[in-house]
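My structure is below; once you've seen it, I'll send some questions.
Residue numbering begins at 1 within each chain, and the chains themselves are lettered A, B and C in the order written.
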Amino acid sequence: MYGVEVNKLSKRFGTRRVLEDVSFSLSVGDSLAVVGKNGSGKTTLLKILAGLAAPTRGTVTFSNEKQKLDRAEVRQCLSYVGPELTLYDFLTAAENLTFFAAMRGTSVDTAWVETMLAALQLGGRGGDFYGAYSSGMKQRLKYAVALLNDPVYLLLDEPTANLDDEGKKIVAEIIARQKKNGIVIVATNEAGEYGFADKLIRLGN
Amino acid sequence: MWWKAILFLLMAWVIAAAFILPAPQQGIGEASRIFYFHVPQAWVAAVAFVVSMIASIRYLRKGDLLDDDRARAAAELGFLFCVLATITGSIFAKVTWQSFWNWDPRETSIFILLLIYGAYFALRSAVDGAEKKARLAAVYSIFAFVTVPFLMFIMPRVLPSLHPSDSVVGSSGEFAMSASTAAVFFPSLIAFTVLFFWIYSIGVRIYRSQRKRMEEQES
Amino acid sequence: MKRGSTVLPTSSSGLATKSLAVLRKDILSEFRTRYAINAILLFGVTTLTVVSFSVGQLGLPADVYAALFWIIIFFSAMSGLAQVFVKEEESRTAIVLRLTSDPTAIYLGKLVFNFLLLALLELVITPLFFVLTDARMANVGLFLIVLLVGSLGLAGASTLIAAIISKASIKGALFAVLSFPILLPLLIGAIAGTRKALGVTESPFSAAAPELQLLISYAVVMITASLLLFEFVWEE
């Protein structure tokens, strides 16, 4: 059983304390909502979990039933979607998808890419440059990239930012499915978004 | 501290004897007395480079910022001794070969060492964040060290040497130094090495306490 | 939306495939934006023009032409090879690359990209150099081998330096400053090898054997060291 254990995580930027002794532990089937005001450290917590930033103190341990996972193993089964992420502006949506599929160790054909894009309601727009996409379409394509590796750990930072109602519905489906097969952690300050979660952490103060 | 007293006596002996005893190389004359200071300085510059590289490897393996303090302190001292060796060598070159700089293999290698140290400090000042600075500087220092064997291999082949080498080791590799020269040279080598490690340990302590104070201010 | 059965799941295997994917992606975006190609080619042609105007027709010895040739290559390389990583950091695409990709594949892909960029530069500069200066070629084969192996070492070492400076807050002059001491043995060897290709007519290959040994071992050692060190530079 895959799980993640966070133990007394603290992060400071200079003299500013962003996270102070955050601890929790999750296993497959769990969903966690991280809530708090702007600047309370939600994004920082997710970035530390994703390995994009180092904590000042404390540890994050990913493991399966047998052993602790090393960095490369975590990378294979973790995905992250957030506003700080950018795909390649000068590649088309289809080229972006094909590239990241290759980096995930899979090769995909054009039919598969079309199916994926259609599922995210980007059908017929696969030949457009990512840079020419609207922010909502960019957000959808980021989900497509995040799902390429069938992640066990799915980290979502403000998952519905820039999305219309249709997009929000798609995200809700993704979260619901992820809850069954893996672990989902969502950072948000929109009350409507953490109803799904069975655990909740409030950051700040 | 007993070893500080011994260091004092050794240094005093080296300084006095370097000027009183006969010059080490009669062919070159009085100017060759600089050998007693120049060679140990160049030696310390090289030792510091190795110490810095070992500390860098340890930092990458363990992630302890104390090793970064060590790498930085060794590099700074290495740079200082490198400059001293360059100046003393240059003066000697002016006296014996009528020119401050000749691009002789050893002049070239010490010049490259100066460039590497310079680049190392330039990199350190261009990176924000203690961990990131430590990591990138450590990688650069190891990467630079890897090129040293190439320099040792290529220098003598492409550049003709003027450097006096027979004063320490003869052409066939046998030990060729008069007793009076050895009596000054080896104490000097030891004294400079001990001096280096003494200043180095003070440097490490300074950087560590600076870092600790920063951390306390933050918490 | 989950990965369908049309997809063959492979895990950490396929390093070559992944490296080629990185290379292909970089070539695609490079041909659409031309950041690096423009910089490196314009710099190369400009420097070559200055050289040609000032000393090109003086009938200088082979040593001087060999040195001038590599000075042009070195500084042109310094103007463009850092782009592979600087562009990823500046357009903030490095984050998603870090999340999804094997560091070794990224280094290898970028290394080959930089090598091809250098090869393109040399393809343009070399014929022009011999047209615009009085340099004479004694042995084309040796010249090309020195150029090939020299470029491999140059790309190998500077790709890691490019990754280092992409993390620094001041990038401009830092690339050349950090690269020069590292590349010096390579430059000395390549200049000496090129001199023999330009000047030695009798059995130039055996005459240039030490230089070729140096260039080959430099490329192998620096690429191996880069592979070991790259992860420390790349990961946050």
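In this section, a residue touches a chain if its C-beta (ideal position, glycine included) is under 8 Å from a C-beta of that chain, and two chains touch if they have at least 3 such contacts.
Note that the coordinates shown come from a computational prediction; the quantities given were computed from them, not determined experimentally.
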{"item": "Chain whose Cα centroid lies nearest the overall Cα centroid", "value": "C"}
{"item": "B-C compared against A-C, more contacting pairs", "value": "A-C"}
{"item": "Chain A and chain B, separation of their C-alpha mean positions in angstrom", "value": "50"}
{"item": "Distance between chain centroids, defined by C-alpha means - chain B, chain C (Å)", "value": "32"}
{"item": "Whole-Å gap separating chain A and chain C, where each centre is the average of the chain's CA atoms", "value": "36"}
{"item": "Two or more partner chains touched - positions in chain A", "value": "54"}
{"item": "Partner chain C, residues of chain A touching it in the complex", "value": "50-54, 71-72, 75-76, 78-80, 84-91, 95, 99-109, 111-112, 115-116, 119-120, 145, 147-150, 170, 173-174, 177"}
{"item": "Residues of chain C that touch chain A when the two form their complex", "value": "1-4, 6-14, 17-18, 21-22, 24-25, 28-29, 32-33, 91-93, 95-102, 105, 235-236"}
{"item": "Chain B to chain C touching residues, read off their complex", "value": "60, 112, 115-116, 118-119, 122-123, 126-128, 132, 135-136, 138-140, 142-144, 146-147, 150-151, 153-154, 157-158"}
{"item": "Touch list for chain C against partner chain B, complex", "value": "157, 160-161, 164-165, 167-171, 174, 177-178, 180-182, 184-186, 188-189, 192, 210, 214, 217-218, 221-222, 225-226, 229, 232-233"}
